[in-house]
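What follows is a set of structures for review.
Next come two complexes built around subunit A: one with subunit B, the other with subunit C.
Let's turn to the complex of A and B:
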């Protein structure tokens, strides 16, 4: 089955963040999918993927946690594609997939924990994990997307911020860097492509895959604030009005440390932060409320109004 | 000759001269700084083996010191004392005393994986940083870092209920690390969130912070994970000679 057909109906793994601070990402992803005629079936009774933390206790527990989600999608729901919009979830499912295919020790621990938990052990290759970017890029594509735009982004200047976990480390993403049409780990462009098709002007942004310090956003907040300030300043210097995000941890980190940079370091920036699904939804004719724009801590409604968008 | 990576040499091991004459030749200006000769005898050749036995440290032996990790490092760009290549060198040479001087820096690795991406030898330096930080704590060289406290709070919530909830993690971490909730940035952030979030959602978030959302039927999975985690903690402690049991993670806490 080609990707265009395979991605029409996928298992959806929102993850913990999308039920909390990333609520607007969940809302806008679902709304955009519906608008584009793509079907999402939420993974039943899912659990946390292990995020950035569980691997520091023991990496094989994280492999098990992620494998349980894939096992439910494959064995209890009959899906062959799992879509995760959160970079952390996406990364961990991909990493579990790699480890289960290549490491005997990971397979043993996953089997032991799965049988004690009482579900079928996930076998590598049962599902393909994709990001929300792959989903829209491959199921719809730029051409069809451009044809469906009702409300162009009118040359809105956007810095596309992909973060760490979407591209690194390279070995867990075998489909990237694999020739024409594939995503690049050094200069990712899927979000740029989709937003350009929706009428945005992507600025030349050097910090696309820089780190926001998300893993230590609370435990080493000053480091995270410095890293985020670099990203915000670089985006502004590149002329961006909006930073588009594709990860709830990055997004919340940018919003939180934009405030913290001002309160604790006196660094003031004005660039707004929006999920790429919020921007796409608005371009497709959804109302700002429908994509949860009012929920963003960084309020970008005036920036859109100034460009007569929406 | 200039001394490269001069910041790696401790000031007390440097000798600086304004005017210097050697064998009747005035070398002032060109040769103003020397590294003092010293003899190191307190090697601990076990360090590499101990760190290799902890998760993430398995491939430290592959390193050939090219420095790609440090060159690509996010934290090094903010603080040049954060130097993965140098720490890997110290570990492999057994310079425990030198490594311990940086005991409260190693944990600051943000796991961006730029080093792992750049490493030509698949050392997985990000994992080595985590294993080294873990080793420093197990060995009793330093107390649990804020990062470890966060990892433990987060993981024990996942092990108990299958899921985490942002507010609950934040509260739990601030409690564990003894921080006040009344931080200026947090007050501004919460005010802005209240403005934008629908009332229903805020109620739901408050509700989940009190009544923990959980994965249905999580009991057996949670129990199996906790049992496995305890086994691993004992294994890690046993791998570190003279390890401190109080540095272990208790998933039930």
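Let's turn to the complex of A and C:
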């Protein structure tokens, strides 16, 4: 089955962030999927992917936790594709897949804990984990997307920020860097491609995969703020009016540290932060409310209005 | 490193205070100064970790050689691999003889990428685990887990 067909209906793993701080990402992802005729079936009784915290204590437990999500999707719901819009979840499911394919110790722990928990053990290769970017790019594609645009993004200047976990470490993403049409780990472009198809003008953004210090935002907030402020300034210097995000942690980090940079360091930036699904939703004719723009801390509605978008 | 080498804070301050007013008269030397600051930062990190910075070049860049040296045995440096490569790419653009507007834009971008490297490595000086468990996907307690001390 080709990707276009396989991705029409996928298991949806929102993860915890999309039910909290990333609520607008959840809302806009679902709304865009519906608008494009793509079906999402939420993984039943899903659990934490192991995030960063569990992985630090015991990476094999994180592998098990992620494997349970994939097991439910495959063995209880009959899916062959799991779509995770959160970079952390996406990364962890990919890491679990890699560990289960390459590490006997991870397989043993997963088997033992799956049996104890009373569900079928996940076997590497049962599902393909994809990101929301892969989902729209491969199920719809730029050409079809452009044909469905009702409110062009009208040359809105966008810096696309992918963050770290969408591409690193490279070995857990074997499908990337695999020739024409594939995503690149050093210069990712799927978000650029989709937003350009929706009428945006992508700026040359040098820090699209730069670390935002997100994981250390509590233990070393000043470092995170400096890293984020530099990312925001770089986007502005490149001419961006908006930074598009595809990860709830990146998004929240950019929004929060934008405020902190001003209050603690006197660094003021005006660039707005929006999820790429919010921008696509607007381009497809959805209302700002429908894609949760009112939930963003960084309110980009005026920037869109100024460009007569939506 | 030489006795007159700058401290980390001095390099950070220099990059933060960088401006076209200071760079413009320097012409072609400006991109080289920014590249040198990036090399200095990685060199200072290596020295702080008891290693003598290598002068080995990778793909014609000392910076990439230093990154490779720093990343050996420390996968968290994955997080600035692309940054170092971006510095080299932007250096090449800024060092190319272009129209003034493009030269300024390339130089400004190079400065931002170098500044990112300074903040990231500076963060790692204070908190070695930055980049450890996200990009490099490495557990902070891998040794314990492998020794069977973890709950798994």
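Keep in mind that, in the parts below, the second predicted complex is superposed on the first by the 310 of 310 C-alpha atoms of A that agree within 3 Å, B and C clash if a C-alpha of one lies under 4 Å from a C-alpha of the other, contacts with A are read in each partner's own complex, and residues count from 1 in each chain.
Operating definition for what follows: a contact is a pair of C-beta atoms (placed from the backbone, for glycine too) under 8 Å apart; a residue touches a chain by one contact, two chains touch by 3 or more.
Since this is a predicted model, take the numbers as computed values, not measurements.
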item	value
When subunit B and subunit C are modelled together on subunit A, clash or fit	clash
First, second, both or neither for A:259, with subunit B first and subunit C second	first
Contacts of A:207 with subunit B and subunit C, given as first, second, both or neither	second
Which superposed partner A:61 touches (first subunit B, second subunit C, both, neither)	both
Which of subunit B and subunit C A:95 touches, first, second, both or neither	second
Touching partner for A:218 - first (subunit B), second (subunit C), both, neither	first
Which superposed partner A:147 touches (first subunit B, second subunit C, both, neither)	neither
Partner chain in contact with A:231 - subunit B first, subunit C second, else both or neither	second
Dominant contact partner of subunit A by residue count, subunit C or subunit B	B
Which of subunit B and subunit C A:116 touches, first, second, both or neither	first
Contacts of A:306 with subunit B and subunit C, given as first, second, both or neither	neither
Clashing subunit B stretch [against subunit C; choices 170-178, 206-214 or 224-232]	224-232
Overlapping contact positions on subunit A, where the subunit C interface meets the subunit B interface	52, 55-61, 64, 109, 113, 164-165, 168-169, 210-211, 213-216, 219-220, 223, 226-227
Subunit A-facing residues of subunit C, complex	75, 78-80, 82-83, 85-86, 90, 105, 108-109, 112-113, 115-116, 119-120, 122-123, 126-127, 129-131, 133-137, 139-142, 145, 150-152
Interfacial residue positions of subunit A with respect to subunit C in the complex	52, 55-61, 64, 91, 95, 109, 113, 164-165, 168-169, 172, 186, 204, 206-207, 209-211, 213-216, 219-220, 223, 226-227, 230-231, 233-234, 237-238
Of all residues in subunit B, those that touch subunit A in their complex	55-56, 74-75, 78, 108, 110-114, 116-117, 124, 126-127, 130, 134, 145-152, 154-155, 158, 162-167, 170, 173-174, 177, 184-185, 188-189, 192-193, 196-198, 201, 205, 208, 213, 215-218, 220-221, 223-225, 228-229, 232, 249
Sites on subunit A touched by subunit B in the complex	16-17, 19-21, 23, 45-48, 50-61, 64-65, 68, 109, 112-113, 116-118, 164-165, 167-170, 185, 210-211, 213-216, 218-220, 223-224, 226-227, 255-256, 259-260, 263-264, 294-297, 299
